[in-house]
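Read through the structures below before going on.
After this come two complexes, each holding chain A, first together with chain B and then together with chain C.
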Partner chain A sequence: MDGLEILIFLFLLILGYFSGTYFEKRHYKSIRERERKTLHVPMVTFGAKQSLPEAQDAQLFVGSVVISVDYFKMISATLRNLVGGRVMVYESLLDRGRREALLRMKEEAMAWGANQIMNVRLETAAIGGRSGNNSGPGSVEVIAYGTGIR
Partner chain B sequence: MFIRYKQPKKPPEGNVIKHSPLLNFAYLLGTVVIISAVIFVALGFFADWLAVRISPETERKIGDMLFHTISDEEIVDDKRIQYLEELLESLPESGETTRLPLTIHLIKSDVVNAAIMAGGHVFIHTALLEAVESENELAFVLAHELGHFQNHDPTKSLGRSLVFLVASMALGIGTSESGGVPDIVFRTGELTSLSYSRKQERAADLYGLSRAINRYGHGSHSLDFFKRLEEEEQEQGRLLKVSQYFSTHPLSKDRIVILNKAAAEKGWKMEGDAKPLPEWLHCPNMEECEPDAEE
Partner chain C sequence: MILTTLEGVPGKTIVEHYGLAQGSTIRAKHIGKDIMASLKNLVGGELKAYTELLQESRQEAVERMVQQAEELGANAVVNIRFATSSVAQGAAELFAYGTAVKVE
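Let's look at the complex of A and B:
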């Protein structure tokens, strides 16, 4: 029984490592490509208590993404919790989430015809995971929203 | 107010450190394993140190508490208990005392087993009484358990289990679902049956044999029970129910060899006649019964 549990654990760990690395690489490739394509449209946090620049239209755009932790990252982070320090495996996860959410918002705004996106804000939320009784792998949601003007 | 947006040449990359997840993982795993091993071993020694020093009254209280968590079917008010208690009491050398009075608990079970728990609770399964063929064999099994008790093995094992439990709780293993106190009690009870270390087994073996010789004047037949069980186990494989005795008392071939060698070194007499068991030991109250219809 113990042997089987260890085998399942190792299997999940290896699966998590390889699939997690593969998806992360692919995701980063797509993020970099799309960021280059959308670079010409300014995206700024300006606008909270200031008036927006002169424009015809303004509209709210939201981009949200949910990314799951893989088993390898989860175990790695659990070990890190015991030792302390930067949880680097999760940093890349959140970085991906943040950039993907911004991209989704920006792409939508650009399709609408926005020439600027003002007052951009970011939020995160944890889904499942270690909070409460659910101890399975968790996910993180990153939401980006801003005002597109044209 | 004019702010000019200057388009960067390439998108900002964020501040995620480039690192090798595998190396990072290996480093973490190594650190955690080494530190917890050191803590575990240190706490284990502390538990051993403490186990020998707790007062018999405290041990009795702990033993009683644990005893109530065991739900096996106990036979009370049986003449066999009296017989076993007398046999057990005859084993210590003259002048040797036990720190607590020992209590025999006869458990109705078809699994051959015997065990001792903190607080001097000795468990004898009825199947053991059917499996032994002479009093010498039974005396050795009882003396072996007595040896564990005299060496404080049950409390040491309990202390180590508690250390293990606390450590695993700290790591969040094994508390995932129900959690809380009932889980802890259940697990502690479960862990008290953990086998003793090889060293503890050897010491108990030696003690057992010396007390058997003390009683019968020779060590012959005392080890027959082991030999027979081992042969049976080898013949019929591990599926045999009987094998539980070995899961709590791991028997390697060299256990008997070591005992024989020790006996030869100390000049113990290893030849002699077996003392027969009471005729109806396998029947309730030792009253005559049908071989298969008993209990």
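Let's look at the complex of A and C:
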């Protein structure tokens, strides 16, 4: 019985590692491509404390994404918890989430015809992923919002 | 209704302030989606069902904020901010707030 449990654990670990790495690579590739494509529209985090820009129209745009850890990342972060230090597996997770959320907001704003996005704010929330297991962030939600002007 | 995260509306001037307008909603997860999500927790990647669920809920929070602003007589909400918090296992609160104003 114990042997079986260890086998399942190893299987999940390997599955998590390979699928997680695959999804992450594919995601980063798509993020980089879309970031290049949307580079010409500036996004700024200021806007509230300076004079308003010249524009005809302004509208709120929100982009959000929920991104999940994989089994390998979870175990690796649990081990990291014992010794402390940088949890690199989660860093890339949140980086992907932020960039994806920003891109979604930007793409929506560009479809509307925005030539600039002002006062962009980012918000992160941990969502308890696995029911009955409260250790670590099961998944994180990232939202990006800002005002598109045209 | 004009919604912005700026302190005003570009091209228009604020003629009247009505104070804070807010809207919130608390949503619980769908059990079926939760099972799918816990599978996805093993392999990683985006949880599309949750993204959609939270997007819908946030839309609702914004609608409630807009409704409150309309009741006050405003035609725009400026300086909007969002917040998310998980209040209980499996439930999340989505909150939107801003300042209701009249612009011309």
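By definition in this document, the second predicted complex is superposed on the first by the 141 of 150 C-alpha atoms of A that agree within 3 Å, B and C clash if a C-alpha of one lies under 4 Å from a C-alpha of the other, contacts with A are read in each partner's own complex, and residues count from 1 in each chain.
Convention: a contact is a pair of C-beta atoms (placed from the backbone, for glycine too) under 8 Å apart; a residue touches a chain by one contact, two chains touch by 3 or more.
Note that the structure is predicted; figures quoted are calculated from it, not measured.
When both complexes are overlaid on chain A, chain B and chain C end up sitting side by side without clashing. In the superposition on chain A, contact of A:52 is made with chain C only, not with chain B. Once the two structures are overlaid on chain A, chain A sits at the apex of an angle of 110° toward chain B and chain C, using CA centres and rounding to a multiple of 10. Taking chain A as the reference, the larger set of touched residues comes from C, when chain B and chain C are compared. When the two complexes are overlaid on their common chain A, residue A:44 makes contact with chain B while staying clear of chain C.
By the document's definition of touching, of the two partners only chain B reaches A:82; chain C does not. By the touch criterion defined above, A:92 reaches chain B but does not reach chain C. Taking every C-alpha of chain B against every C-alpha of chain C after the fit on chain A, the minimum distance is 14 Å.
Where the contact sets of chain A with chain B and with chain C meet, they give residues 73. Those residues of chain A that touch chain B in the shared complex are 17, 21, 32, 35-36, 39-40, 42, 44, 46, 50, 72-73, 75-76, 78-80, 82-83, 86, 88-89, 91-92, 95, 98-99, 116, 133, 135. Residues of chain C touching chain A in their complex: 2-11, 34, 37-38, 40-47, 50-51, 54-55, 58, 62, 79-86, 89-90, 92. For chain A in complex with chain C, the touching residues are 12, 15-16, 19-20, 23-24, 27, 47-49, 52-60, 62, 64-71, 73-74, 100, 118-121, 123, 125-131, 134, 138-139, 141, 143, 145-147, 149.
If you check the complex, the residues on chain B that touch chain A are 1, 3, 5, 7-8, 10-11, 14, 16-17, 19, 21-22, 24-25, 28-29, 31-32, 171-172, 176-177.
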